[in-house]
Every structure is written in C-alpha cells, then in structure tokens.
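First chain written, first letter: the chains are A, B, C and D, and each begins at residue 1.
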Amino acid sequence: MSAELEGLHEECGLFGVWGHPDAARITYFGLHALQHRGQEGAGIVSNENGHLHGHRDLGLLAQVFNDDKKIDRLKGNAAIGHVRYATSGSGSVDNIQPFLFRFFDGDVALAHNGNLTNGRQLRRELEADGGIYHSNSDTEVLMHLIRRSDKLTLIEQLKDALNTVHGGFAYLLMKNDCMIGALDPNGFRPLSLGQMTNGAYVLASETCALDIVGAKLVRNIEPGELIIVNDDGYTIEKYTDKTQKAICSMEFIYFARPDSDIYGVNVHSARKRAGARLAQEAPVDADMVIGVPNSSLSAAAGYAEESGLPNEMGLVKNQYVARTFIQPTQELREQGVRMKLSAVRGVVEGKRVIVIDDSIVRGTTSRRIVQLLREAGAAEVHMRIASPPLRYPCYYGIDISRTSELIAAHKSVQEICEFIGADSLAYLSIDGLVETVGLNADAPYGGLCVAYFNGDYPTSLGDYEEEFLASITEEDKKRLTEFARDSSQYYGNEYTHYLMEKSK
Amino acid sequence: MSAELEGLHEECGLFGVWGHPDAARITYFGLHALQHRGQEGAGIVSNENGHLHGHRDLGLLAQVFNDDKKIDRLKGNAAIGHVRYATSGSGSVDNIQPFLFRFFDGDVALAHNGNLTNGRQLRRELEADGGIYHSNSDTEVLMHLIRRSDKLTLIEQLKDALNTVHGGFAYLLMKNDCMIGALDPNGFRPLSLGQMTNGAYVLASETCALDIVGAKLVRNIEPGELIIVNDDGYTIEKYTDKTQKAICSMEFIYFARPDSDIYGVNVHSARKRAGARLAQEAPVDADMVIGVPNSSLSAAAGYAEESGLPNEMGLVKNQYVARTFIQPTQELREQGVRMKLSAVRGVVEGKRVIVIDDSIVRGTTSRRIVQLLREAGAAEVHMRIASPPLRYPCYYGIDISRTSELIAAHKSVQEICEFIGADSLAYLSIDGLVETVGLNADAPYGGLCVAYFNGDYPTSLGDYEEEFLASITEEDKKRLTEFARDSSQYYGNEYTHYLMEKSK
Amino acid sequence: MSAELEGLHEECGLFGVWGHPDAARITYFGLHALQHRGQEGAGIVSNENGHLHGHRDLGLLAQVFNDDKKIDRLKGNAAIGHVRYATSGSGSVDNIQPFLFRFFDGDVALAHNGNLTNGRQLRRELEADGGIYHSNSDTEVLMHLIRRSDKLTLIEQLKDALNTVHGGFAYLLMKNDCMIGALDPNGFRPLSLGQMTNGAYVLASETCALDIVGAKLVRNIEPGELIIVNDDGYTIEKYTDKTQKAICSMEFIYFARPDSDIYGVNVHSARKRAGARLAQEAPVDADMVIGVPNSSLSAAAGYAEESGLPNEMGLVKNQYVARTFIQPTQELREQGVRMKLSAVRGVVEGKRVIVIDDSIVRGTTSRRIVQLLREAGAAEVHMRIASPPLRYPCYYGIDISRTSELIAAHKSVQEICEFIGADSLAYLSIDGLVETVGLNADAPYGGLCVAYFNGDYPTSLGDYEEEFLASITEEDKKRLTEFARDSSQYYGNEYTHYLMEKSK
Amino acid sequence: MSAELEGLHEECGLFGVWGHPDAARITYFGLHALQHRGQEGAGIVSNENGHLHGHRDLGLLAQVFNDDKKIDRLKGNAAIGHVRYATSGSGSVDNIQPFLFRFFDGDVALAHNGNLTNGRQLRRELEADGGIYHSNSDTEVLMHLIRRSDKLTLIEQLKDALNTVHGGFAYLLMKNDCMIGALDPNGFRPLSLGQMTNGAYVLASETCALDIVGAKLVRNIEPGELIIVNDDGYTIEKYTDKTQKAICSMEFIYFARPDSDIYGVNVHSARKRAGARLAQEAPVDADMVIGVPNSSLSAAAGYAEESGLPNEMGLVKNQYVARTFIQPTQELREQGVRMKLSAVRGVVEGKRVIVIDDSIVRGTTSRRIVQLLREAGAAEVHMRIASPPLRYPCYYGIDISRTSELIAAHKSVQEICEFIGADSLAYLSIDGLVETVGLNADAPYGGLCVAYFNGDYPTSLGDYEEEFLASITEEDKKRLTEFARDSSQYYGNEYTHYLMEKSK
C-alpha cells in the first residue's frame, strides 16, 4: 500500500496472442489482468492478414476501450497490447504503446516493459544520424536500431538491436507474419508463454493474464531469449549467452498479482513466507496483526500465523477510489476527509497492533497509517515491513529514480520509526527476502535483483552512472566498495570497479 | 461474493450534511464510502439559502460527478445524496434520487433506502385521486401523502405520512430550513448521526461514511424516530411507539462495509465471530481455509483461527473489473476466459481446501468457484457458508424477490452440495448468527430480521402477501404455521395468523 | 441575427409520427429540421405496443442522441419528440420534454410548445389540492388537469383541460393507442399534419419537418382543434368555438425556417416581400445592400431587388460557432477577437451600405454590427429593420419577458439610431408587416399577433397582467387606452378594458 | 455545395501566432475561422519558453478542444495549429497535425497544407536509409530531410529540404526560438501574415483567420518564400528563384471563405463576378435564380443581378447537419427522408428556375438537386456551374485523385445534362474564370492553377505521372499534346514533353 500510495510504479504490462479469431478481445482481457502494472494508458494493435490496426489512449484500459466498436475495429487473428504507467510530465498519447510503424515493406508494432540504461546515449547517437522521435520514450530506439542494422531479416536485425540496448527490457513485436517476444540478459521483468484451449499462443508479463484467458503455462521466457510465434508454432532462440538471472525483487514484494507465478514461485506464497520470516526476525508482544490492504495482506497472514496472533481487518481500502475526479480540498483534508484508507475503530480501539506493510518509500503514507490507527484508538502501533529498506534507485523499469525521495537513503531505521510515529519498526533482511522467495537460481541473491536495497546493480549503469555517483554519500561509496571487495555475491559492476579504483 | 455475483443487491445508500460550506463535496465523499450500497445511479441535492439545486444520473458516483464543475454548481451549506441499485427494467434517470419537488412554498428533496410493503396499494389510491408519477419508484408516494395531509407543518404532515407507509424505510428530506431523517418502526436499515470537526451534522446509512468525512458518531437513529437538523442543532421525535427492532441480518452478513458499526457492533468482528462459530458447528479435516473475496475474508479469518488451519489466498478477485464495457462472448467463456475471479494454482494445487462464502443465492457462483478450484488442482473442496440457507424473499429493500431464484428454497443442503459439486457443505445456524452478531436487543432474534432464513417476517406483507403465499410449498405453510404456534420468537404476523386459521 | 444573438428564443419544436416501423428515427429527423426552435434540450418518447420508452437530455439533438443505440432502444411504431430552449436558471434535465407519466392504467407522454397565461395560478391551485411537480414548467399542469377531470375518456378529460388552460399552446400527447395534437384558440404556434409515402401520419411544428421526412402536407391544424391519430387514420374535433386566429408574427419575421409554409404562406417569400416593402417605406441612397446572416438574407434580397442595388455578402457568420466550449476572454474581445460575425473588408471598404436585419432587441448586437462595418471601412452604414419596433413582452412562448430589455420600449427610433451609431435607421410599419405576410385571415391584423409591437394582446394576460401594467409607462397606458377605444382591430382585452375604466 | 457533398475536400488549414500571452487560445480562434478547410482532425502545439506542448485528436476543433483545460494546458507565448481533412482509410490520430518531434537539442513542431508530388519516392528513399514513420502522411518526410541535411542551422537545413520536396505545400514550423512559414514555388495554397493589436504576428491560411483575431494583414507570403518570426519581428527569405504563381483556382471557386482575400482579391466578389460572367456566357429565359447554399450564393447573386431576375431561396441547407450520428437508412432515404438539403415548394412551385452551383464532381448531387426541385413543383430546371468542367485530378492538396470519379472526364456537357436531368446545363469558361478572378499575375492563366480543367499542370507529376497517363484517354493525350504545342500559356511540363515525344 505504501508503495502504491507513494508512487512506486511499475512501468508496463505486455500481452500478445497469435492464432485466435477474436485476438483483440483476448488481448483486452489479458491486459485487464495486467491493469495493476500500468494505469495511465493502454493500447492494442491487431494483425488482419498482415495489415496492422491500432488504438491507444491515455486512461485505464476500460476507458480507452469504452465501446465494443473500438475492439471490433481491431480485426485479425493476432494482436499485442500494452498497459503503461506514464512517468510525470509525459502524459501524452504519443507515449502510449504499442507503437505502430508504417514501412513500405509492411507495418511493425512494438511494445516495451522495462527501462534501458543506455537509451539516452543511443537516442542521441541515432538522432545525430538523422533519427526522428515522436515520443519521449526509449522504445523507439529499438526500432531505429533494427532499421539501421545491415542484416537481411527482421529477426537478425532484431538480434543486433537487442545486443546493442542495455538494461531491463521485455519486448513484444508484431509484424505481418509473426509475433516476437524478447527478454533482456538478466530477465528483470517476467514474460511467460501460454497456450489457449484452441491452440493459440499467448505471451504475457504475468501468468495471471494466462489464467484469465484460460491459457495453460507452456514455459517462462528465460534471460537472453527471443521467441517467435507464427502459424507454424513457436521457436526460441538465444541472442546472447552472457546472461545472469536477476529478476526484480519488487515483483515479488509488491508489483505482481498474488495469483501469478514467477519462474514457478507463487507470489502470494512468497509474500506469506516473507511475513512469517519477519515474525521470526522481528517479533513483538501485541494483540493483533493488521495488513495494509491490498498488497500486504499475504504477508500479514504469514506474520499472524507464525506469531499465533489474530489477523484482523483494522484498515479498509475504499475499492471505488480509482479514477474519481472529485478530490478533497486541503481544508477538507485537515478536517479529516479521507478517500483511500480508513482505520476501523471497532477493531483496533484499545489494542496493541502490529501493522504489516510491503515497503516504505517516502514514509509519509506510513506516518498517515500510524496516525489513522492512533486516532481510531490503537494503544500501540508496531510497524513491520515485509522487505528490506529501499535505499537506491531502480534503473530497470520501476519509477524510483531519485534517492532523495527514499527515506531509508537518509535515515536510520530508528529515525524512520520516529518520523512515522510508530512504537517500533523493523524491516525484513535481504537474506530473509532471498530465502523466502526461494528462486534458488545459480546467480547472486538466488537470481533476485536487490540493488534498491544494497546498491549492487547487476548491470553497468550507463546513462545513469554519473547521476548515481553524485546522489550517494561518501559513506555509501565506501560501503559499496567494501561490499564489492568482500561479498561473494558481488556482481562485478563497473561503477563499483570505479569506486574500488578510486578508493585505492 | 456469491451474494454479489448472484445479484443480491442492496437498494440504496443515504448521506446528508447540514452546516458545512462545502456541503455537496462532503456529500460526494460520504456517498463514495457508500458506493457498495448502490452502483447504478447517484444524485446530490444541495441547499443554497433555501433554494435547492440537484444533479443525478445513471452510473457510478464517479461517473455521475465526473467533473468538479458538477459539484461546484451545487452550492450551499447543506446537501443530501443517494446511491442506488436499479432493479431491472427501470434503468431510467427518472428513477434516480434524490427526487426534487418544486412547490410555490419552496422546494423539497427526498431520498429513500428500503422498500414499502404497501407502496403499490398507496400508489394506486393516490393515482385514483389525481396523483401523477414520473418514476416507477415507491418513493414519490411519501411526498403525495405529505402534500395531502391536512396537518399544518411539514413535520406533522410527514408524521402522518410515515404512519401510513409500511415496510422498510430510511428517508432523508431536505427543505429550505432543515434536513430530516426518518426510520421505519423496525429499523430494517441503519441510519446514524455524526458530527464533523466544524460542528456540521451528518446523517448516513453507515458509519464508514462518517469516518470518511472525519465525523464522530453522535447516535444511531432508532426505529420509529424522526430527526430534524437545522441551524439550531438537532431534535429527535418519535412518530410512533409501536416499534420493534428487526435490523436486516444481511447488513451484517454481506452488505455493510466491514469497517462500519451497526448499533455498536463492528461488522468485520461480527463476521469473524460467525466464521469462528462456523468452525465449531461444521469442522472439517483439511489443509487450508480460503475466503471468497472480498466479503467473506473476515469470516475466513475467523474460521482459520478457530480451526488452527492456515488462511490462504486461493481465490483472487480482479479489482478493476467494475464498469468494463468489453465482455467475453459465450464462445470465449467456454474457452475459459474469465473476468472476475481466479483460482490460484500455486496455492491450492494438491490441497484439501475449505472455502468460506457469505451466502448461496442461486448456487451457480458456488458451483463455478468449486469448479475453478478443482481445475486449479485442489484435492478436496469443502464449502462453508457463514450464514443460514436463504429460503424466502426480502420485502424491505434487498433485491431477493422470488423464492424461485433461491436454491435453498427447493433443495436440501445435501442436494445443494451435489449441485455445486463440493465434497461437503455446511451453513451457519440461525442461533449461531444471532449469537455471533450479538445485538442482544429486546426483540425476537435479538433484534435481527432473519425472515429470509425462516419466513418469520416482522411486519405484515401487504402488497406481497398473496404472491408470497402462492410461492411457498404446502410443507412450508405447515412448517410456518407450526413455527408460529410454537416459537417463543414468533412475530405474530398476519399471514401466519391466516395460515393458522386455514390449518385449523 | 440580432434576434438570435440577443436572446430572442423560441421555446420549442414538436414532432410526432404514427404508423412507421422506424418511428423514433423518423422523429429524430423531424426534430433535426426543427433544431432552430430549441437548442438546449431534446427528447423522444416511442410507443412499443402501448408501452412507452423515452430518452431526453440537455444539449443539441445530435448530442442527446449521439449514438445509434439510443435511437434503437426507442422501439415502436409511433413516437413524439421535442426540442426545447431552456429559459435561464432552469437548465435541468427535469424540464426536458416529452414528459413521461406512469399510471396503473398505462403510460402517457406529453410535449408542449408555447406558454400559458394562467399556468402559475393553475399550478398553485392544483398544488393546494396535493399536486406534485418535478419540473418548473407549465406543462405538467395539463396532465394534472386531465387526471382530475371527472370525464371518462382521456379525450374528454383532455377537452376539459384544454378549456381550462389559457395562452399559447400546441400540445402533443402519446398514449398506448393514439397520438393527439391540440392547438390553442388563437393558433399562436403553427402545427401541421402530413403523411409519409408509407401512409404514416406526422404532426410537426413546421412544414420543413414534413419535407425532411418526405411527408406531404395534409392540412394545418386550426385554432381550437384537437387531432387524434390512431391505426384507423385521423379525426379532428373542436374543443371550443371561441377561436380567433392570431399567429405569432415573429414566426414569419425570425423563428420559422424560410422553407416552411405557415397557413399556406412561404416564410422566405414573406420575408422577401417585407424587405421590398421596407425599400419602399424607407429608401436610402447607397452602394449596396447587406443582409445580416442568416435570418435576414431573404429580406435583404427583397430590399436589393426593389431598390435596384446590388445585394452583397458584407457580413459573414461563422457556421461552426455552435457549441464551442472555448470563448474569448474579455481581454481578447477588446483586442478584436470575434467568433460569430465578421465584416468583409474586401466588400464594404469605402462603400455606403444598407444593412438589413430582422429585428432589434437590446440594440447591442446592432451596435456591434455597425462598428464591425465601420472598422472594415464602410463609408456609411444605414440600418433597416424588416419588422416594427419591439416594445412589449410576449406571453405566448417567446422569451421576451421584460420590457426593460427592449430598447424600443424606452427609446425613440432616432435615439436608437444614435445608440447603435448608424447613419440612419428605419423600421417596417405594422401595416407593412401585415400586408406583406398576407395571411388575410378574418381577424384583427389579418390573423397575426402583433402584440410585441403595439401592446394589443389577443388574450387576457392572466398571471402576467399585474406585472405588465407595472412595467409600462403612463404614456403607454394612455396610448393603449386610446388605441383600444379607436382601433377597428382592437381585441377587446381585459387589461385594456381595465385601462379604459381607469381612464374614465 | 456539389463540391462539398461530393467529397471535394481541402486537406488543411494552418494558423500560427508568435508573441501573445494567450497564444493557444488565439490559435484556437484562428483555426475556428479555418474549420471549413478540414473537419476530421485538429491540433495545437504551444511554445512555453522553448518547451513545446501539444494536443491533437480526431474530430471538429470544438470536439478536440471541448474543455477550457485543454487550452489552458497549452501554455506559452507562441503556438501553431492545424485543421485537417483525413483522406479515407487514414482516420488515425497518428496522422493529425501538428507533428511534434522531440530532439536532444529541442522540440520541433510541423504542420502542412498541400500535397507533395515526390513524397512517396522521398519516403521510400529515406526509409531505405533507416527512416521511421509513425504516420501515413507526407509531412514527416520534410523533418527527415531537415535532420539529414549537413547544413548547420535549422533555417539552412530547411532550405535544403524545401528544395528537395516538390508539389504543393504551405508549412508551419515551431521551434524553441522562432516560428517559420514556407510556401512552395507555385504558391498553390494561400498563406498570409498579419499583426494583432498587441504586436503579435500571425500566419494563417486565409485572411478570415486574421480577421477573427483582430489582426491586420501585413503581407501575403509569395511563392518560394520563407518567413521567420521571432521576438525581434519577422524576416523573409527566398529559398528558390524558380517560382511561378499558380494559385489553386478551387480556392476561389469553392474552398476559401467568401470573406477572405487571396492575394488581394476578395473571394465573394470574385464569385459574384463569375456568376455575372456566367449570365453573359449562358443566359436562359426563366423566372428566378437559385443558389445552392452556401458556397454558390455569391455566384447566384451575380447571375441574378446581371440577368435582372429575382434571386430566390429555393434550396435550404440544414445548418445543424454537421456531426450528426444518426443517419437515414437506405429504406428511409427511398421514402424521401433527407438531411442536408431541402427544396422550398412555396418558392419554386410552377416556376422556371436557374440553379447556380459551384461545380459538378460526380454528378449525383446535381441530379438530386434537380430531382428535389422538380418534386417541389419547379416547371423548368436550368443548371449553371460557376466554374469550368472538372476533368483531371489535383495533386497539390485537393482530394480529387481519380479521373474515374469525375463525370466531366467521361461525358460531354450534353451527356451530363441528361444524367442530371436538367432542362439545360452550362459551365463557365476557363477564360471567364481567369478574367473574373482577375489576379493578373505575370504567369499562365493570370497566376491561377487550372489543371483540373485542362490538364495543364504547373509542375512535374513525379510519383503520380504513371498513374495520370494511365488514367486518361488517347484522345485526351492527343489533345494535351496539341495544347502543349500550341498554347501560349503552356507550362512546359514533363509529361506533356513526354506526350509530345511520343506523338512524333
């Protein structure tokens, strides 16, 4: 909840289908299950015998497609779609995907989930060479790279391009005769292949989107893979061998739907195990456990069961709050008018409560939650966070771009506890997270990216390196250097090399 | 959830405020918290120095007021609002409330939650006398009765009218110099008075609407009471002494928000106690407890804690499903495309699960839930319902009008279990419900209306008596007659008298 | 144009059809041709085997029915529709017609064009007897009178009611088995019967609406007549013999479409004759004639032909101006930003122009037109008005309710000329108007109502008498008294009697 | 009217302003005056201290900007805007202009009125070099050429690009520090510079857009010119010396608003002179003259005055017809249901009428007009067209792309007369057109492009040459060859060279 209320946004969800007569409608339902991954814009491109039709706009999926006609016009047996969280300042329809490109030799559509670390540099280089952009997004870069490759087929051109871009990316492309998916060498974002009962193949960011269309999981796309789906079925190729699994741990902690499985691990179960581990790591003598709805309910159940305390509904989220145009004025807010979250006096009055939340970003939401509970009569409020402290930005597709916004980048746990006004505060350890997710991949942190917690980024930072080094403290640099020197899990990243060099 | 998916709808929510400069906006937020009570239409009437302004339309509140201007135009220091569930066939804006009447001696607005048992007869009588109706609703009847009373003040006219209408009703009225609330002699629907930090008084169907505007509960309105709020404060009068508390038990079981208190009983806590009682009444050897989201999560927590089993998220509800225009075709449905509810394979696969639901109406949703869980690999599915079997219609404001739609009216528990395909099925007992709600009022069933479970209606059935008698079996009639003869809680209702007479 | 820009609004247009399988769509097209009669709201009620369905809303017809589905839902073989100009302050959907009333013995729809002179008094009386109103409009009064009549059939009840209401009215009613039209005893508003090629009958406010649906005129409805259309054809009855034709002269001057015929007189031709007569009555030495678009183009053509001067397009109206949301700020207006009307420099520069307009209401638009032409270089600007000076309110359905708004009520022609800044100004005489319209009915003024020009109202003023007497000057009263005494065309109205009595 | 009803569409209108604090709103009003030039889409890009903001969408201007907020968001002191007619099949928002390009060195916006004759070839070449397109439009090509130029400043790069594109174009560009306008070497489309009272400069496709914002004409942009407007004022440069004025004659005949002046010639006056000349060239003995509204009213006035016949309103256009969603079914059309144009029986019955229209495209509208008039009782219908027969496509920005659609390409005047069912038919001569427009430029046809009448195109046909030669008859080819050989006005075009070579 804190993550949600404090602007920690996933940037995208992808869905595509090949081989279904109602492809655009199927894509609509698939995107519906992925709506939590992006609520600012949506689009679908369909493939009618090689000719692509598109519709995209700002808004929730149900607003963009608010009329059956808009789906009916997207004829064809294949389609790809995208839901998007628009970063501030770019709320223009030009940025909504899939992008649709018109060439003499055919149309191509492209959608992207993730963020490139060398997007700015590539964009600048391509621009110097005459490249023209309609959007602010990195995504157009890939198409420019494809068109400038001297390879002869789109697949070969795409491989060139995929080896040129760095960072986090899951791509979906649609051309006249195939649908293509591609994943970055670290697999920061999930991408899964499923098959519908009629044989159609679907590609989706999360397995919950397979479930909604009645598709069975065929296989997860692995880091560095390229999948081509056409009328003959699917083929998978590797465009690089330099892969190392580092899936975004925030997918498990907050972004993904609890009913999704990521590389075989159910998200709800991982969260519940994290809650139980948190109860072991940071027990407290209290009367009840309360989860902050909705994302922290699994962790709260785990904490409650492990601790033997009752799990109560002490906080309620207003389920109709999305997209209301009418907002409380500042004056009304001061009078106590609240829209999103209410504390339940009948439950918490006079009680010592343990509140479980998924994360703390700025701390303001946690402070409000503590205040709400105290106003409703809670005797004690103990905050427990089912993930480690967020200290560093993410450069692979989550909207945490500045350390200045992260309270844990500047304050100790004790200081944060004071800031939010809780009686006590504790976070889950990184080891606790890694073990309870339990991916057990042959990679640092068992295959999780935990860079926002410890600064150990799995890739070079590219465009962001300078900015990153400027944003962190000397102490941080020293710590990171030592960490890079000593840790068995160290990624061997350039900036840590740089820091190690400097520290000599 | 079954209640929700199977069309068990509350018909309305009411909110009013007197004495706040931003009255219409306050009312908007109050209605927002009551959105679950009616999602087909909404309206607000404000009072600007005695002149009333209104806006109402079909749709969710956020759709009806999709622009700040629509609120800004509703100027004034007082306002009343209404959210409505439109029964089928009446989806016309003419039926959306509050109704606004224009008289030479001033405007009057009126909103209603409930259903009259003599509405049709009164309407017919008034029409024979020249009464003219713009809507299909009972609500206009009250205004006709008021205007035809020979009393001299609106309050006295209203008392006359309130003694003429029968059934379930909470009314809100607004006139130039006061806001009025009134509750039927049984108090079927809740109505509470609160006070904001600036001193403004609010009246609301549920206390969660007081919370959202930062108001403190002052007092619940009691059966047979009339409350008048004006610039001097509030006064409460009784318009009848023949009162007997019989609050709708479905408010506790399903309708009301878990964070609301009804006559001092917190709804979440009542549901959790019901779940625990159900675990005692109908235990089962299994691996986990699953609540059907969202309304059955409290009961599931109670069952899990009492039974010592883990409480898991084995079913997920798509939170963005409301108001989507695009629906799966029948063909897609058969291919497994589903929008509302998903089972989580990663959680239930190979497990013996106990599913807790709030109620069973037609049984089709329960059957689908069992099927979903089995398809996701559940080894056993045991259904437990946190309320008694629904056997009879409600005539006081819930949309269960025909016994033919109620599976428990025609089938035994064992037959229902077979129909839904569960491994076992059990319901909470009426005693269990009455005791775990725990109102303890000096009235039959502790002050709860349980007529849909046992046919013991707290009032005469009026317009509906003939229809009711025609709809029930001979066996039912015999049972009801015996029950009326023997039960200490018997309401002494006319139709049971009639049955007793006939049975002699 | 001045009439249009200065808020001289017709209040309504009516259209109905009986006997066409696509009745609602036919009604849509009919209303489309009548859109000029009311642009603030529109509605249609259809009759599907006796069951009435309605849709109405604020806005232009094309906005209210912005979707084929909205028409498709209005099934049935008959329909009536209404377009409405909403007087200020009453912009609520509750006032949009047709009104739809629900009775136990069937639905009735009602639409009204005109204004009652005893509406307020009747409303008050009916209210005292328990009548309840949802709108501010007079129209509901008729339905109350019908329902309170002790006659046995709706037709007889309606006759009673029509003899009770006074003023200007054309009514359309729809019930299960017939469509009814009725006209007031003076025939202030036009109403015509036509027949489509398939045999269906249509009733419409203007013949242009017959033309648009390919219907041939059968007959005009005469003052005091009632027409009943059903599956057997149509029958016409008189509900009163006290009739005297006094059709609104503003229909010829400004409201009606030029392609309509009113009682056999083509509107364009009447306007052209008025322009020619104006050239005779008030010639001027100039270079060209300019009509203010669009309503004054016919009169300008007549003036030009009669005077032998060229008829030029010196003023252009922006045809897309309707319904723009973006308006110039006051500051931009001062900088010369104009939306509606432009003068054409290339045409008028250095020229002596005669501007023909339909009327002057407040004078501000005329002043602006003169200013526009001077800024565009016109050497002289002579204003000629193709109707007599507007001095008195209309109580029969045009929105001129206060003499204070009428510049000619307070200023002489010379003073008006100075106010608008023209080089000369002249109006058409009343005789000129009566003769060029040429209805030649056996009634004062040849069957035209000219009360706004000379204060000679064809009916008693009822609710408005007091207000009227208070608004006019002593000089006016004296003049009207003398006029009433001497004129051969005098209507013998109550207020002039009153004045004559007083003046004795 | 025939032009309008038969799909003869101008493709665009341009407006820009530099130096006004309310620049986007000014642009809105300017575009409003140009709405007739493009009704399928609209957009505005504003310049806020060098940062460009845009909004564009499908629909009329008033639909695209249906909210003050949409204008308010476009902050800044400068703006350019565009209204567009979308050719069939390309109704996507991606094609709506201005296009907004994002570069590292700043944003650039671009809008275009006209059509390139080498657009397809350039697009293909640029694509082969890696160019990527988001739209189907030619317009992106210019930006690609600019960015690939090796010149150092945008102005020099633009000059290169302007010398590379061929055909008809008026461009508006906006960058951080200036607004730029450019016109093709023939000046097919008008473009004028004006100045507002506050000193701000505006560029607009027609002078009527200067008038609406209170701007005075400063100067028309001449063929081959480039105008740069910035905070220091404006400068004009020539990017080529090879210019030859050939302004589109359809601007005078039909497209431009009558109140616009093109190169000093008022459009209404030119049309009136054309009508008078037509009366001389093709007189007829009749009772009245009727103009087809709205575009032929000026010509009709000229014809009437010259012939001494009365000018009557025998046809009426429904002014509210734009943007109605409800259309007559084919069945209703056959029953005579018509939306757009009505004949006025009261005017034409029994009369011999001369109908003046601007042009005949397919002939179907003229046939309908003749039929309407005959059904309304006209005794004779003589059609007179105030322009020469349309025989050839336009490649410079009017949507007449196929000769197969042009009735005069295949039929003689006598055959057309029979097709439309008139009693007689005559067209204006090319000489009559050239002389009555009276531009008198030192160029063939006095500076008018008359290629659609005689096939004499002022430029090479580029992409279209092959298609053109395939579409015309052998007879045509022969005629064109002779014409090219003999005419003193011959343009010396490539395809006529080609034909002359072939004919040797």
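Note that contacts are C-beta pairs under 8 Å (C-beta built on N, C-alpha and C of every residue); 3 or more make two chains touch, one makes a residue touch a chain.
Small disclaimer: the values here were computed from a predicted structure and weren't measured.
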Intersection of contact partners for chain A and chain D: none
Type of chain B:chain C copy interface by residue overlap (half), same or different: same
Between chain B and chain D, what is the separation of their C-alpha centroids in Å? 63
Here the gap between chain B and chain C, centre to centre from mean Cα coordinates and rounded to Å, is 50
Just the number, please: Cα centre separation of chain A and chain B in whole Å. 39
Can you check the complex and tell me which residues of chain C touch chain B? 54, 92-94, 99-104, 123-124, 127, 129-136, 140, 143-144, 147-148
Which residues, counting only chain B, touch chain A once they are in their complex? 22, 25-26, 28-29, 32-33, 35-36, 60-62, 65-68, 71, 196-198, 208, 211-215, 257-259, 261, 265-269, 272, 294, 297-298, 301, 305, 310-313, 316, 318-326, 328-329, 331-332, 335-339, 342-347
